[in-house]
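The two complexes that follow have subunit A in common; it is paired with subunit B in the first and with subunit C in the second.
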Partner chain A sequence: MPIAVEIPKEKWTGRIREITLGATADEGGTRKKTVTVGGESTLPFLTFEGEIPNPPVVALEIQDRYPDDWSTVLKDAWGDVLNDPAAWATRAEEYGADIIALKLQSAHTEGDNTDAAHAVDTVKSVLAATGLPLIVYGPGQPEKDNEVLVAVAEATTGERIALGNCEDKNYRTIVAAALANNHLVIAKSPIDVNLAKQLNILISDMRLELDRILMDPTTGALGYGLEYVYSVMERLRIAGLTGDKMTQQPMICTVGEEAWRTKESKVNEGVPTAWGDWERRSKNWEALTATTLLQSGADIVVLRHPESVARVKETVASLLAQ
Partner chain B sequence: MGLSGLQIYKLLPKTNCKECGFPTCLAFGMKLAAKQVELSACPYVSEEAKAQLAAASVPPIRLVTIGTGDKKVEVGNETVLFRHEKTFFHQPGLFVRLKDTLALPEFEAAVEQVRDYSVERVGILLGVDGIAIENASGDAATFAKYVAAARAKMEQPFVLIASDATAMDRALEQTDGSAPLIYAATADNWKEMADLATKHKAPLAVRADGDLSALAELAEQVKSAGVENIVLDPGARKPHDTLVVLTQLRRLALKSNFRPLGYPIVTFPGEDFESEEDEVVLAAQHIAKYAGVIVLNHFDPAAIYPLLALRQNIFTDPQKPIQVSPGLYEVNNPTPDSPLLVTTNFSLTYFSVAGEVEGSGKPSWLLIADAEGMSVLTGWAAGKFDAEKIAKSVKQFDVLGKISHKKIVIPGLVSVISGELEEELPGWDILVGPREAIDIPTYLKTWN
Partner chain C sequence: MNKILFRPEGQIAKVPDGTLLSEAITRAGILFNLPCGGQGRCGRCKVIVELGDFKRRETSRLSSIELEQGYALACQTTIHSDLQVFIPPQEAIVRKLPSEKAAAEIPTLSIVCDWQSNPTIRKFFLTIEPPSLSDNTTDFERLKRELARQHGIKDLAANLPMLRKLAGTLRESETKGQGWQVTAVLEMGTWVEEDALPRLVDLRPGDTTERRLAVAVDIGTTSNVVYLVDQASGQFVDSAAAYNAQISCGEDVISRILYARKEGGLQHLQRLVVQTINKLLQELAERNQIDLSEIYHMTVAGNTTMMHLFLALDPSFIRLEPYIPTVNHPLPVRASELGLHICPEATVDCLPGTGAYVGGDITAGVLSSEMFQAQELTLFIDVGTNGEIVLGNADWLIACACSAGPAFEGAGVRSGMRATVGAIEEAWINADTYESTCRVIGDVAPRGICGSGMISLLAEMFITGVVDKSGHLNRSLDTPRVRVGDHGPEYVVVWAKETQTRKEDIVLTEVDISNLIRAKGAIYAGFSVLTKSVGIDLADVEQVLIGGAFGQYIDIEKAIQIGLMPDMPWERFKYLGNTSVLGAFTALLCPDMRREAVEIAKKMTYLELSADNRFMEEFTSALFLPHTDTMSFPSVMRLLDKKATP
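Then we have the complex of A and B:
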């Protein structure tokens, strides 16, 4: 006797917002292609009960100075281009990145402390070197972020660059610059559903449309808080699909930065032999952090290792292949 | 799913006789629902009600034990789809597949490698749970010989993979009643396999590819043959297919309370992939989304270690975060004049701070106060990480016996306590550090 099995299906009422990064010449920018993320009406990859019009995408992180604090596994993989952000961007595009995530690290006051004009020159050289949409991060210091990001926003009007990061203590200046120059913003909150939602509300109160706000729930690497962000992202995604308008932003995770900061990725001396081969281990560390967060709703993962791009993109494709 | 107090009340005598010790049958029902009393406290409950209540208390996903003794693996008995809803209880067993076509010395070396693999994270020892031995030779005597050889080497549980019941029987004879998972009963051999599971008191996997109705039927058949400890293989192997079917099975058990498929699931992430790189990514998916037993084709510490870390992350109870032991920790080989920083024993806080201090390269002392596993702000708000606690930790862990100065850096998030701490630690300089761990390296550069 065959047994009747009725598969329980979720009927979500909400949908994640679609957000387009980059603008072509027709749209007021100079990008050769744009990237649209979001639009899901189902949990990650569960296409049997909803739609995933835009598969998650991969950004590769580049910096505007030689990243001397990076793992040698990364430095060896990239080689000479690390000295030149434009060449680095071109190489990243060749490796299959969908988006270039440029961090203006040289502006850090404890580092080279470069100025806004330098930041503008760098961004322009990267825009010239690649046809992909851009994410531009400041050095992560509120005053300096404002200084360089405002200048970059004004010098690249219409490009729909995602400017990061907006945080609860420092978002107004960056949001205003995005608003005035047709860019997007990344709203970063510290692994907390309510704070993420609140920041989206604060930013949209400044009249920036919700389809110009990406949400960064703060990434924890595998073994270093991954489970917290995993669950916060699942809760945010379920809230969005249930109809909470202020949690329907696509999510971006800075996987590479976190995964390659761990001891497992950075160090090969004095570590247990049970950790295994350094290069394979550290690449797995980034790949597993990325693919696990894709399972909890990441729309953009920002990676560092060139090989991770193909690996994560193949994973996304295989998770959508029916 | 358990019944509510009201649902239980309907099954009770409704006489309010008070002999159970509660004023009304409804009050007793409420206590039953909260699992605070036993049904046997009611002298008048009917046999029918007993049966119904017993059935309702059966977990929606059966707990299945593989192996015996200290090394046994318990899987199943999950109650939620998302870990934030409560927690995931039983982490999936990780098994490494070895074939009986390997040369025997090579096979034995591989068994030892799996047996001896162990790695520490957050103070907890992690390892692989056992091996899966496959009758790839097709020969019953060879299979039995390899299983016996493995049994002689390790106590960890086995998964035995063979389609021929005779070969399975001979292998099971070599396992000393250690309850390996028998893989697998199919439409063709389920009667013989079910008999073996009964005879050897071993759990049994049932496999039906691509058809949950056939899988449910097969599970019911082996159950009616007396096998209760069942593991499901729905036959899916690819990433999308396994995500969908494992999600559907978890939902059927939890949301539909569908008994015929209320069992843990076995997956084989390496069967559809040649490369180890692909296998580890799919195994990671199966850890997060809903496997009970994972059989890997590759054994590489560089892949096993991240998988074990992931399994530990996903199966940590969100309500009971992992804590580190309070104490005075050395980072980068500090000397008596190195900086002293204090934070809480919440594992994430500890690892964030320790990671940044270590990454800065600056030799430092890290004082970890017992904040009962709370983060800095939560601990401060709850009175578990205040001036008094920090001062107590300084004395408790003999900080002045290790360092030659009296300067302590507190987290920027609790800068408000610096005044109180000055009173608690007379003669000390209270320095306010950064609010976020990530700013510690910059801060330490300025420390002198």
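Then we have the complex of A and C:
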């Protein structure tokens, strides 16, 4: 005799904030399309339980200098465009990226130490080359980040670029620049629910609206703390869905950077043969890290390998299909 | 041998090569404090080596200018030739003792108890027929016989020291034509053996039954307090307080435990605390014209480490996981065994503790605050270097201890100091100009900031936006007071020209602020974990009792603003002062309450926070102003909103 089983449904009181990256000409920018993330009223992919108005999206990472420290697997996949951020961005759009994540690596003081004007030129050329919304990262040094991001923010007023990263010890300048020029910020905290929430509070205390803050809870690749990150992200998401207004920010994960840093992706010499084919292994590493984090609530995954875009999107589509 | 000349007073010590400078100072007979117990961490044992060859092991506490000038930490510097050393004056211990205020009011027992029935010490006046050839009963049997005949005391025990005194005292008491007239002082049972044989504690010629003196003692890590009590009238007579002389061997319990591990260290610490108590007893004796040997009973409360040091028990394992004391409830000991200058046969009772970090002082607090009889859900907190917290009521009790660090005691903070003369105890910041005004203990030019001053200052800095919720200074403010100094970003509380020394600005650095936030975070996390562990919401707590010497100086409003205390109506908070000595007093006077103390210590569940993974989570959450969970601090949020929209 068939028994009717009713799947229990959780009723959440909170909802993740909707955040739109990029602005079209009508909205004060120059983007051909904008991307909206967030808005979920349920845990990832549980469409039977609540709404998921905006599926997770994929950003492809590009840099403003030839990434000589990248794996040859990546370098071979991209080819010549690596020398030209504008061309690289165009190619990334062709590969199906929803967002271009540009890292201003050349500004690093131990690298080329390029200045703010250089950063502005690069961003403008990328904006001209693609119609997609942009994320712009500084080189990851507080003073240099502030210098280049402020210049970029001012030169691109109204574009709703996500500026990253704001951290606990260095957020004021970037937030002020975003505030004055209608951009967004990325708030990055070191894998801790409380710290993530605290940074959101600090930033919103500067009167930046909460729908202009993305949070990056810090990513750990498969085999390198992934389960810890998973758990923290899940707890952040549950806190947000339970109604905690300061954790309802969509989450962004820098999957490519982390996955391609692992030994498994980076090297092929002296590794056990059981590890299998290097190229396949390293691409899987990125895709697996990404799809796992999507399950714990990632709204944007930033990837490096062109093929990962289609693979991740396919997974998202199949998980969202009834 | 190297000859060390100490200036300015000219003392001399002769020591072998490689001796620590601090050791040489002690040998020269100079009183010198090692606040961190000689670990080189506090940087307060600075001296200037003017001539000679020496090696510094640790210099992180000294600035480059100080190094050039020959400054060295006495506890971290070894001697390698004859030296000439200048010892600058150390922070004098002249603070207004917490008991000064308390002494003004006469403490009384808040608890209703029948202290008159079954007193522990009883005195019996006896007239005894001296022996003769026809009645050759022994002195002891004779005493026993008369106690039974005149007072119905059936049996009696006497120790060897008492027996030794017997023959002489009895004959000394011969009163012309009346035989021997003596007062026998008997202890009627002890804490552990209530129906023990009455024990002869003292025998005195004449009638001394009028008063029965006893003392209650609180051995605090920082200060010691003695209450003189007359058990005959049930009255408090007088009190005296002084710094625990052990401070010279370390300011907090951990430093003391480390010191105790040095050779002879434990014995030295035991002598120091006994010396402190004896000095206080002497003071009381002179003021009240009493003979100390007429004090027949002593109860002592203190934290577990202090009790160990008082009894010279090895405290090492209190510090190490899994944190095991030698004993929670030590058996009664004789005063003579400890070197206390009261009646040698007097019993010294230590109040029982619950664990390594919830000691007899907390039992005393729960007892004297009447928490153990309370119907209301009560939170008791003793704020100090360690924050001890008890939650419960008449039916149940759960306790935990969290290490707040020494920030509130003024240590580990750049311009921090103890609450002595010259310490800023309250501060205000103008919300428009960011200028500060301060109140200073003793109405003198300020020298530094004490714990209550730091709470007040941090609250003001936070409410006026000088620091953000994470405790970082807002460097975009238009004021010279926020600047980047040698030790990172800082706020200038008082400019050098307005200070006592006129040398250095009094500042609160970002590092200091982070230490303060850790201290308050640890205590608040203690509250949170404790309440959550029993499934109670902090808001359901009906009264908060604040004990401890430092506690009474905390401004509740400011403490809530920085998230040290839970945000609830102010009338729910009650200051109790030194609950430790009050508890010892209660137990001293009332045998019933002594029994309650044992019950409390047994009943209290000890929650070990280091074994509770919720603590770290709550701690991180509390490392924010006022707290990451802003919803728990509605009054502070309203205040901030009001400031934001003038």
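Definition applied: the second predicted complex is superposed on the first by the 320 of 322 C-alpha atoms of A that agree within 3 Å, B and C clash if a C-alpha of one lies under 4 Å from a C-alpha of the other, contacts with A are read in each partner's own complex, and residues count from 1 in each chain.
What we mean here is this: a contact is a pair of C-beta atoms (placed from the backbone, for glycine too) under 8 Å apart; a residue touches a chain by one contact, two chains touch by 3 or more.
Here the structure is a predicted model, which is why all the values come from computation and not from measurement.
Engineer: Using the touch definition from the top, say if A:Glu110 reaches subunit B (first), subunit C (second), both or neither.
Structural biologist: first
Engineer: If we overlay the two complexes on their shared chain A, which of subunit B and subunit C does A:Thr13 touch? Say first, second, both or neither.
Structural biologist: The answer is neither, since A:Thr13 touches no partner chain.
Engineer: After lining up the shared chain so the two structures overlap, which partner does A:Arg172 touch, if you call subunit B first and subunit C second: first, second, both or neither?
Structural biologist: second
Engineer: Of the two partners subunit B and subunit C, indicate the one touching more residues belonging to subunit A.
Structural biologist: B
Engineer: Over in the complex, which subunit C residues touch subunit A? Could you list them?
Structural biologist: Answer in residue numbers: 468-470, 472, 474, 476, 617, 620-621, 623-624, 628, 630.
Engineer: What residues of subunit A sit close enough to touch subunit C in their complex?
Structural biologist: 168-169, 172, 192-195, 197-198, 201-202, 205, 246
Engineer: Looking at the complex, which residues from subunit A come into contact with subunit B?
Structural biologist: Listed in rising order, the residues are 1-8, 45-48, 69, 110, 140, 220, 222-228, 230-231, 234-235, 238, 261-264, 266, 272-278, 280-281, 284-285, 287-288, 291-292, 295-296, 311, 314-315, 318-322.
Engineer: Okay, in this complex, where on subunit B does subunit A touch?
Structural biologist: Contact set of subunit B toward subunit A: 82-84, 117-121, 212-214, 216-217, 220, 238-241, 243-244, 247-248, 251-252, 255-256, 258, 260-261, 277-278, 280-281, 284-285, 288-289, 300-307, 309-310, 312-314, 316, 318, 348, 351-352, 355, 358-359, 438, 442, 445.
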